[in-house]
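Please find the structures below.
What follows is a pair of complexes built around subunit A, which joins subunit B in one and subunit C in the other.
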Partner chain A sequence: MIVRPVLFPSLGVGGVSLLQGVALLPPLALSVFERGSGQVVLLAVALVTAVFWDLVFASVRKHRFYFHGITTAVIVAVLVPSALPWWQLALSLSLGCVLGEHIFGGRGFGFLSPAAICLSLLLLSFPQVQLEPLSQSVALATLPGVLLLLVTGLISGRVMLGALAVIGGLAFSANPEVDLIALVVPTLFGLVFLTCDPVSAASTKSGRWIYGLLAGLLISIFSKDVATITSAGIIFGSLTASVFAPLIDHLMVLAHAKRRQMRQRARQPNV
Partner chain B sequence: MTSLMKHISSPLINNNPITLQILGICSALAVTTSLTTAVTMSLALTVVLCLSSAVISLIRRHIPSVIRLIVQITIIASLVIVIDEILQAYAFEISRQLSIFVGLIVTNCLVLGRAEAFAMRNPVLPSILDGLGNGLGYSLILIIVGSVRELLGKGTLLNYTVFTPVADGGWFEPLGLMQLAPSAFFILGLLVWLVRSIWTQQVDVPKFGLKAQRSRS
Partner chain C sequence: MLGHTKIKKGLPASKEDALAQDVVHDRRDAGSAAFLSADYRGLRPSLSVSPGDRVRVGDIVFTDRKHPEVAFAASLAGRVASIDYGARRTLSALVIEVDSGEQADDSSDSEEFGDPDNGGVRRTLLKRGFWPAFLTRPFGRIPKPDSVPAAIFVNATQASLHAPAPSVVLEHQKEKFQKGVDLLTYLTDGPIYVCQAPQDTLCTFSERVKGAFFSGTPASGLSGTHIDQLHPVSLERQVWSIGYQDVAAIGHLFLTGHYQPNRVFSISGPCSAEPKLIRTCLGAGISQICNGEVTIRNGRHRARLLSGDAVTGWESAYIGRYHQQITILDAPPEKGFWHWMSRPSAAYGALIPTAALERALAIDVLPVPLMRALSVGDSAAAERLGCLALVEEDVAALTKLCTSGADYGMLLRDVLDDLAGETV
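Up next, the complex of A and B:
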């Protein structure tokens, strides 16, 4: 049995990064506008680091140079606090890009999101780093990108809905008067670019539901409490969920094969 | 003579128990938070490995094959208890830091593996040399991982300050991650990557390969 998930036959892997980059532009612009020059420096450091590793591996492995690292760099730059020392960002982003992506052979060959790895290594290595919650305006600026990625099929509505349902449901069951909009909107950026990342999320239909529910559950568990979803919770929750994504897909494919076999047997009772 | 020396030299890199055979990982992760514990553990394991290989090889013709594992374990366990007692007597602080991991040398796959694979079928001298070589190969990796973790995690080496941390007025910011168990996995993984990109004959042939995607025109 050969399973070859062709996610984006017409786009190619470069087009995926391009679309993701377009979707990232509005939140990036707003975040730079709100937080000023410190953010610009961090963004520059992140871009240089990511492109540097892309170049190194393109020359060592002798393949074409892609600008995939740029999306990783932008996601990380939006989420980190503007007071972060630049070398901590460069170090963790290097580890994230190399260990999360290039070691597997580049974008699309791994099973983890390099941005999630970079951010979780940053949080684990430097416990004094505190991520600032994203402002409402940055979160709202994510919305056009969300629509774009949903329409082009780069992120799955199943994952998104599954995760949001669990996060909302848990917060609601803990406190029925919780402001669901205020809870959900700031999580949007992390959910779209970390949890729903096309490389690290599950890629079978039913698997996506399970993956989304699992990610939502883990995000709620790793956050401060179910009524306050933190960026750290989204990062660790997404990373842990994406570790299980290949297993979920594998089980779904097995279950599907089993169902097909049963159907075939039912159709030919005498064979 | 050269063939005897090969027993020592080959497990250092070409047939390293940790980076090639991926044995003894558990203790390699647990005791490498500082160089002192890594060195002590390496010494303890090397001594146990040499002595157990010698004893087992000496009585290899008298061990009934049905109960050979029990006999091997008994010999190894006795040696480990001796080493553990010696450490508690003369280096109590280090023995406390190593906690159960000296005792767990008994279950180290490396020791039992060498006893079963080599000492059971070879004369005493090659067995001792094989034990020594494998012990040194294990020690080499443990010392590398231990140095990296202590240097980057605390800024010290063998408790001497190399980089003055920010807390004491220096410039070095200790990496908290290096003192946690996952960092040993990362360092070990990077080390395996390094070794296998230099000595390419160690690379495993993958069971499955990636094919270039055919264009859908």
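Up next, the complex of A and C:
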């Protein structure tokens, strides 16, 4: 059932960003509330940086200006540690926005998530940076947003289920005692806003299952061990999986064409 | 008789009140009727009349210059008011207006229809202007006069509660509909599929005439969905589709000798004063028909009059040849938050492959790869993906859902024209 056309008949890219922004509000509010003024400063730096690049590219390319960068800034601000020097955030976010989004022509024209690029560049360039695991309350605050994005048909439940199944399955096989809820809930934020990002995920039905399974596998591999999923694991896992998304889609298209041909032959007994 | 298929994919039906199906209001006040390029794309007419000529109902107004056998008949008695050409002398619009003079009789004559087994049915349908009622699949064009389809699909489904119900429309025409369906068997060696709602029995079935039952989302009312389920097409295997009202009119012609120009249409939509069924002529002027049917809401200054339903229809001054609905919508917002939220209209935006697109097509084609192939005009990729099964109305849901604002119907038509050109 598609709910979106009833709610928003013709949603533009701006509308997609707006819905994503609404879904980001509760986890952002909780993380600011928990971590205090240091977080506020980082959020402000992230917003200024992202909007700055939006403005620069809108004026150079003479496009209509949208606030797409805000969602990238918020995702990054929630995931980075509050002790991070502001210039490191500004630098990596600039690279993420420009390389992940603007050089392709803006939101939706690229094939990777700018937030995942920004965070992985941050972790690779400044190895001393350690991402803090998300608190249980921030993770729970993500849930309303998850529901909103699933119901409006922006993100695919298949990707999410596939990734969660692999993460849970691997953790369970390594240690049957593992607390699956405590393992899975903190990964929700990263899964929804990095792995399930519609721009970077696979775009065919069966491709989404495969992409979700692959992302889950890579997230488990990139984490410390399969029983403790880290934010860094989610970031690198999502980024690597999204590199494979176009290939997965291409294979699905080939398989579908083959199936169509077989079906056509099956329906053609006398001709 | 074939089984019942419930179509679950496609856009959900809109939530407005269903219309009262029990009464059909006769509207004889359509002041004008027209043949439009939107229905007959690329058709170059060879005219039988000139502006100011008086025509009777059923008179041949023009024929296709490429296939002179294919004739187009007037649906209204009056004078030819204007003839406009588009690029390369294609038809843009031919308008017939009712004049004040006495209503002439229709052009009935008690001619013999010829031996049905020896192409008599085909010749009569061509000569009396019924050939344009058929559309080929692939390509969605009027068939060539000598072509033989692998099957014919009669679309007698009701796409949504806002469309006329075939059981109501055919209530007093069952005999004519049956006659029409039987006549279709002379045009093909293959089966005739009568696609209808599960509760209806509109005609008797036989070895050649098969019943197929469809229900579900509005996409269950599209011929493309029926064809994809029952008889997938390819370049070598062409089928035809035709609407049930046209079939009944064909039956009427062969039973009485009269050209039946009237069809039942529904008027519905959020801005319609009172959703209802009306009977008027093919191609009737929408503004005259909708006089007094519109209520303006939300402080807007105008409403949009659509020929067709809210998803597949378009704004038009006259009812489209293949449409059965008139939909009255709010005019889109011109400024403010909702205007900013909606898609850019000038330049194409990005295509964000959201999960909602996955279920947008009721036909077995991958939506996002198809949209990508269409938006770059890659005919070979689109053909591989199965675009031959589609016409504009099938991909209207993609246009509605996509963030880019691209008109996939138009893009599909370009690709289909390209593919058709290669096979001719």
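The criterion applied here is as follows: the second predicted complex is superposed on the first by the 259 of 271 C-alpha atoms of A that agree within 3 Å, B and C clash if a C-alpha of one lies under 4 Å from a C-alpha of the other, contacts with A are read in each partner's own complex, and residues count from 1 in each chain.
Heads up, the rule we're going with is that a residue touches a chain if its C-beta (ideal position, glycine included) is under 8 Å from a C-beta of that chain, and two chains touch if they have at least 3 such contacts.
In this text, all values refer to a predicted model and were calculated from it rather than measured experimentally.
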I want to verify the contact counts: of subunit B and subunit C, which reaches more residues of subunit A?
C
Under the stated touch criterion, which partner chain does A:121 make contact with: subunit B (first), subunit C (second), both, or neither?
first
Touch check for A:253: first (subunit B), second (subunit C), both, or neither?
second
Taking the superposition on A as described, I'd like to know which of subunit B and subunit C A:157 touches: first, second, both or neither.
second
Considering only the touch criterion stated at the top, classify A:103 as touching first (subunit B), second (subunit C), both, or neither.
first
Once the structures are superposed on A, label A:62 by its partner contacts, choosing first (subunit B), second (subunit C), both or neither.
neither
Let me check the overlay on chain A: which residues of subunit A are in contact with subunit B and also with subunit C?
6, 9, 105, 109
Residues of subunit B touching subunit A in their complex?
173, 175-178, 180, 182, 186, 193, 210, 213, 216
Subunit B partner, complex, touching residues on subunit A are 6, 9, 85, 88, 95, 99, 103, 105, 109, 121, 124-127
Would you tell me which residues of subunit C are touching subunit A in their complex?
11-12, 14-15, 150, 231-232, 234, 237, 340-344, 347, 349-360, 364, 366, 368-369, 384-386, 400-401, 403-405
Where on subunit A is subunit C touching in the complex?
1-2, 4-6, 8-16, 18, 63-64, 105-109, 150, 152-158, 198-199, 201, 203-205, 208, 249, 252-253, 256-257, 260, 263-264, 267-268, 271
